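Down below are the structures I want you to see.
Same chain, two partners: chain A is paired with chain B first, then with chain C.
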Partner chain A sequence: MSASLAPECNEVKERYDSCFLKWYSEKFLRGTSTSDECDPLFKQYEKCLSRALKDRGIDKMLKEAREDNRENDAEHMRSKR
Partner chain B sequence: MVKFYSTNDTYSYPFPAVTLAYFLRYPNPYSTHVLSTDTIARNYDPETQRLTTIRLHLKRSKLPSAVGKLIPRSLLGASANGDTQTYILEKSVVDIKEGWMDTESQNLEWTGVLSVVERQMFKRPAPAVPDEVKIFQGMEGAARRHGFITFGGLGAGAKVEDSGETTEVTSSVTLHSHIGETWKKRRAASVESGGEEQPQKMGFLRSWGTSTLQKNIEKIGLTRTLRSQPNAREGMKVVLERMREGGLVGVLDGMRRDREAILAGRDLLKKTARPDNDE
Partner chain C sequence: MKIFQQSTEFDYSWEEVSTSNWRKYGPWNEKTPHVIAVDTIARTVDPQTGIVSPNTTSALSSVLTASQLRTERLITCRQSTPKWINSLLGGQETSHVYETSYVDPSAKRVTLCSMNMTWSDLLNVRETCIYEPSASSPTQKTNFMQRAEITALCGGWQKIRNSIEQFTVERFQQNAAKGREGFEMVLETSRRAFQEQRDLLRLQQDSKILKEIRM
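This part shows the complex of A and B:
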C-alpha cells in the first residue's frame, strides 16, 4: 500500500485501504453495493490525517483549491446548458 | 497563453481492472518520486452507483534548470540544487453502470507560476455485438461485463481474467502560466494610489516581459510532460500485469517491494526507466 503523508497515520490508513479494496473489488465493481461499508474506518483515518494536514499548514491550501474546483465545476455546468 | 497536449491509448485490460489499477498505481517501479498518497474525501452514491474520490499525492521533483534560470529559486521554495516537493490534488469519479472513469489531477502550489491540469478519461468500449444478439446473451453478458475480476475463495485473491477486453483512455494536459500577472496588478494598484514602490520580484521580469516568460515556462512544462507521460503509462501497465499474474495479492506484494526499495533509496527496478520521471 502507498504511504501516508503522515507516518503516524500509516496504520489507520492501511486498515482503511484494505477495507476499501475489498469493498471496491467485491461489491462496487460488481454493481452490488448498497453503501460504503468502510466509512467508519475512513472517519478514523480522516481524523488522524486532518490533524496532520493542519500541522503542516496544508489544510488551508486544500480548502482553497477545492473551493476553486467547485466554482469551476459550477461554471462548466452552466456553460453546457 | 495555454499549452495543451492530448493523446489516446488502449489498455488490453478490462475496464474494472483498469479503475482498480488507477487507485493502486502508486508505488510502482516508475513512480519512485511519489512520496505519499492519501485519500482525503470519498463519496459513494448508491442511487447512481458513482464513486467520487479525492486524493492528495506528495511528489518529489527536481526544478528544471531552465526554470531556475528564469525565476529565482528562493521564490519557488526550492533548495539550492533544485530539489522541491509538490502536492498534487486528484479527483476521480467512477461510474460502473455506464462504464467510465473521469480523473483530474493538478498541482496545489505555485499555480501562478505554472498550473498543470492532467485529465484522463477511461471508457469501457461500446459492445461490438448488435443489440438483438445482446438481448439473448441476457444476464450472462451483464455478469461478464461486471465480473472480470473473479475470486478464488478469498477476496484478496481476486484475479483478472484475460477476456480479451480493452479499455480506452484519453489523456490531456493543460499548462497555464500566470506568472507576473499578480505582480503587475499589484504594481498598477500601487501606481494608482500614488506609490512609486515596486516589488523587488519585478526585477527579473523587467528583462523578459511577462508574456515571454509565461510562454517559456509553459514550454518547459510541456517538455517535462511529454517526457513523463510514457513513465506514467508504463507504471499503470506494471500494476495491471501484476494484477493479471497474481490478482490483488500480487499487486499488494509488488507495492510492498517498491515501497521498501524507495525507503532503502535503491531504485533497483528503475534501471529501464528514464532518470527524470516526475509527472
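This part shows the complex of A and C:
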C-alpha cells in the first residue's frame, strides 16, 4: 500500500490498510459484512493523521473540498436518491 | 472548459480490479512515482434497504441488500508542472487531490470522483472514473471509463486560460497510458499474491489431512 503524507502515521496506516483490504476482498465484496470491522484501527490512524493535516494547514483545504463534493454524494449515494 | 475522456478494458474480473484499485498507487506500481502518499480520511459502510419483488405471496417486504462503501482519500503528488505554470500559480512542491469513491457491490460498480485541492481558485479539475464489468465478458473483464472536466478560472487573459487548460488535457493524455500500464502491474502482482496465498493454504490443509491419516 501507499505511504502516508505524514511519516509518523505510516505504521498505523499500514496496519489499517491491510485490515481493510482483507475485509474488503473477503467479506464486503461477498456481501457477508455490513459493518467495517477495521474501524478501531481506522480511529487510531485518523487520530495521527488529523494532527498532521492540521499542522500542515491541509485541514482547511480539505473542508472546502468536502463542501464542493456534496453534489457527487447526492449523485452516487443510493440512499440519498 | 476542456474535456478529457477515454475508456479501456482490463483483462481481470471486477472483483480483482475493485480490490486492486485500493493499492493502485502502492509499491507494485512503478509507473506513478509522482504519487507520494495516499491517505484515507473517511470511510463509511451504509447498509441498503431494498424491496423484494412483489410476486411473492406476502406483500412488499424489505430486505437488507449489499451495503455501499463510501471512502474519502487524500492523494499527495510531487509537483511536475513546467516552470512557467508553476511560477504563474505560485510554486509549491506538492499538490493534493481529494477523492471520494463509492463501491456498490450488488451493482458491481466503483465510482471515483476527484478534484484538485491545490490551486483550486485558479484551476478546476473534476474527474470521474467508473469500473464496471465489461459487457462482452462480465465475469472476466472490467471496463474503465474516465472523464475529466478542466476549467481555468483565472480572470482576464483568455490566452493564458486556454494554455493552462490545454496543458492539463495533454497531461491527462500522457498520464492515461502510464496509469493503465501501472495498474496492469498492480493487477498482475495481486493475482500472483492471491494465488500464492491459496497454494499455501492448500498445502497447510493437505498436511493436516496427512497428519490425521497417519494418526
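Simple rule for what comes next: the second predicted complex is superposed on the first by the 70 of 81 C-alpha atoms of A that agree within 3 Å, B and C clash if a C-alpha of one lies under 4 Å from a C-alpha of the other, contacts with A are read in each partner's own complex, and residues count from 1 in each chain.
By definition in this document, a residue touches a chain if its C-beta (ideal position, glycine included) is under 8 Å from a C-beta of that chain, and two chains touch if they have at least 3 such contacts.
Owing to the predicted nature of the structure, the values given are computational and were not obtained by experimental measurement.
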item	value
Clash-or-fit label for the pair chain B, chain C on chain A	clash
Which of chain B and chain C A:22 touches, first, second, both or neither	first
Which of chain B and chain C A:36 touches, first, second, both or neither	both
Footprint overlap on chain A, comparing chain B with chain C	1-6, 9, 13, 16-17, 20-21, 24-25, 28-29, 31, 33-36, 42, 45-46, 49, 53, 58, 61-62, 65-66, 69
Chain A contact footprint on chain C (complex, rising order)	15, 18-19, 22-23, 25-27, 35-41, 43-48, 64, 66-70, 72, 74, 76, 96, 98, 100, 102-106, 111, 113, 115, 117-118, 120
Chain C contact footprint on chain A (complex, rising order)	1-6, 9, 13, 16-17, 20-21, 24-25, 28-29, 31, 33-36, 42, 45-46, 49, 53, 58, 61-62, 64-66, 68-69, 72-73, 76-79
Residues of chain B that touch chain A when the two form their complex	16, 19-20, 23-24, 26-27, 34-40, 42-44, 46, 49, 51, 54, 56, 58, 87, 89, 91, 94, 96-97, 106, 108-109, 146-147, 149, 151, 155-156, 158, 248, 252, 255-256, 259
For the chain A and chain B complex, residues of the former touching the latter	1-6, 9, 13, 16-17, 20-22, 24-26, 28-31, 33-36, 42, 45-46, 49, 53, 58, 61-62, 65-66, 69
